[in-house]
Amino acid sequence: MGKIAIDELRNISSLRYERYTVPGIKDLPIAAKKLLDSGCDIVITLGWVGKTQKDLVSYLAMSVGLITVQILTGKHIIDVTIHEDEAESERDLLIVAENRVREHVRNAVDLLLNPKRLQRLAGTGQRQGYPDVGPILK
Amino acid sequence: MGKIAIDELRNISSLRYERYTVPGIKDLPIAAKKLLDSGCDIVITLGWVGKTQKDLVSYLAMSVGLITVQILTGKHIIDVTIHEDEAESERDLLIVAENRVREHVRNAVDLLLNPKRLQRLAGTGQRQGYPDVGPILK
Amino acid sequence: MGKIAIDELRNISSLRYERYTVPGIKDLPIAAKKLLDSGCDIVITLGWVGKTQKDLVSYLAMSVGLITVQILTGKHIIDVTIHEDEAESERDLLIVAENRVREHVRNAVDLLLNPKRLQRLAGTGQRQGYPDVGPILK
Amino acid sequence: MGKIAIDELRNISSLRYERYTVPGIKDLPIAAKKLLDSGCDIVITLGWVGKTQKDLVSYLAMSVGLITVQILTGKHIIDVTIHEDEAESERDLLIVAENRVREHVRNAVDLLLNPKRLQRLAGTGQRQGYPDVGPILK
Amino acid sequence: MGKIAIDELRNISSLRYERYTVPGIKDLPIAAKKLLDSGCDIVITLGWVGKTQKDLVSYLAMSVGLITVQILTGKHIIDVTIHEDEAESERDLLIVAENRVREHVRNAVDLLLNPKRLQRLAGTGQRQGYPDVGPILK
């Protein structure tokens, strides 16, 4: 997923990036902490999560950790997680994954450079990785 | 839901507000931290949560994060979350959502300006977003 | 439940108290933090929790938060939670609730003034809100 | 369970101890923190946990809290928890409980005085409170 | 599992190591904290987790604790956990365990000495302890 993220980032901005690969999703919080401490303004984490209860528990630990890092550093981390049970077929899952990565890269860039765009989209049913469902609350 | 919150706030007070939109509910804790650090006295978070186990886990991570931010800043965050499985139809869900937003805006204003009103309501069965159930403990 | 707690406190002690009402159980940790920071020696939280999975998750977030506040302040918080699925009928639930509030008020007073009494009761099957089950481990 | 722990401690060492009784398992983290801050080198917590989902959630909050206290103080806390669904009959549960308390007291003493013994036992299938299952990984 | 880890470490590097054995998985965070504070650059934790809900909850508490230690120390902890329900037979479980330990020792060494290798492997379906599933996202 890293290549897709870099591709999208180059499409929409000239921001510089650093890449940090870790063995598993529970290693993401410390990696994000190191990147933010070394001067990065935002981190996008890319994680792939299995279908078991154990995987969900690991996802929870990762999520709590990423939120803690944000609170301590005062910077955003955009967490892109793909859960293997989100689609029926592997082909559909790959489409979900690519779309979600691209949309969250745009979200991250917006948070840094153009926060008003996010506000305009709020409540219009944007779903990262799926067709949008349309507005439900004006 | 942001527009409803602002509408209610204007109805009942002349308090100033700032709006901060984020991509997902797990981004709320750092956004709330930034607002409180920049001088806001209270934050109302508005979140819409899906029906899956993964959504519930994300809600947990968000909740732990919001409580941590409150403990670190010494200020309240009023968390307004709508869970998609709270009502049978989308129409009912929208009614629940609007009512809950309005009631929690009043709660937030009371916490700042009129904490005695909350005390009078405690134990009278106020349910944010639903018809009240009446007192069960005097 | 606040009135019952105050009634029990007056029955058994002449300790002074302060009351702080919040909209929901997830608001309890920051309220407890404020009370402890302002000079209170102990806090008793009173919470009423619904039957859904979401309610249980909120209870977890609240519990982690209350423990964090205790660790940071070095003071006890006695958490009195009533779960709506603890009794068959509403009438039974009210009895459980009242008993539990009164017993935990006594526990809180003992922690401050008479910690040896708690030690004598340990392992004798005291169940806050229910008839005691008797000793199982000497 | 406190008496059993003290009995075992006296059997195998001349270490001094302090006893601190709390109303419920969620009160253990702050009690452990106070003991460690007042000069204790290690804490053994003894907890009895019911069978409901709510009890499991309280156990989780307690566990996270105890780990946080250890991280902040730099000292071990040995957590002895008996879950009521661990045995078929109450009689079996009492046997499990007593064995587990005694083995964990020995573990705590070893961590302080004889850490090499724990290393020799690792992977030999020691199960606190049950007959050992034998080695599965050399 | 400690012997396997040491064997693999010696096969691929001349790094020095220290070994710290604890009674249970919830004791791992404080042990890792002590090792990192005493000068270790990275910690590999080895844990064996049972099949019950209680075991999963303990795994969650351990995971949150290990992530907290990483955030506080700024160093990686590679967590190798074997869940007893990961394989049908004990024999298969042992194979999974040995493979996972060896692969994670290599991951830990790479994080310290050769982070680019991890990047090349990302998204190629490496599964610690199982046959690799092949790439799913280019």
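Miscellaneous remarks
Letters A, B, C, D and E mark the chains in the order given here, with residues in each chain numbered from 1 onward.
Heads up, the rule we're going with is that a residue touches a chain if its C-beta (ideal position, glycine included) is under 8 Å from a C-beta of that chain, and two chains touch if they have at least 3 such contacts.
Quantities reported herein were computed from a predicted structural model and do not represent experimental measurements.
Considering the contact criterion stated above, the chains in touch with chain C and with chain E alike are D.
Counting steps between touching chains, the shortest path from chain B to chain D takes 2.
By the residue-number overlap criterion, the interface of chain D with chain E counts as different, with under half of its numbers used by both chains. In the CA-based superposition of chain A onto chain B, the rotation angle is 70 degrees, rounded to steps of 5. Centroids of chain A and chain D (each the mean of its C-alpha atoms) stand 39 Å apart. The centroid of the Cα atoms in chain C and the matching centroid in chain D are 24 Å apart.
Residue numbers of chain E whose C-beta contacts span two or more other chains: 60, 64, 68. In terms of inter-chain touching, the protein chains here make up one closed cycle, each touching precisely two others. Partner chain D is touched in their complex by these residues of chain E: 1-4, 19-24, 26-27, 29-31, 33-34, 37, 53-54, 57-58, 60-62, 64-65, 68-69, 72, 90, 94, 97-98. For chain B in complex with chain C, the residues that touch the partner chain are 56, 59-60, 63-64, 66-68, 70-71, 74-79, 83, 104, 107, 111, 115, 118-119, 121-123, 128, 136-138.
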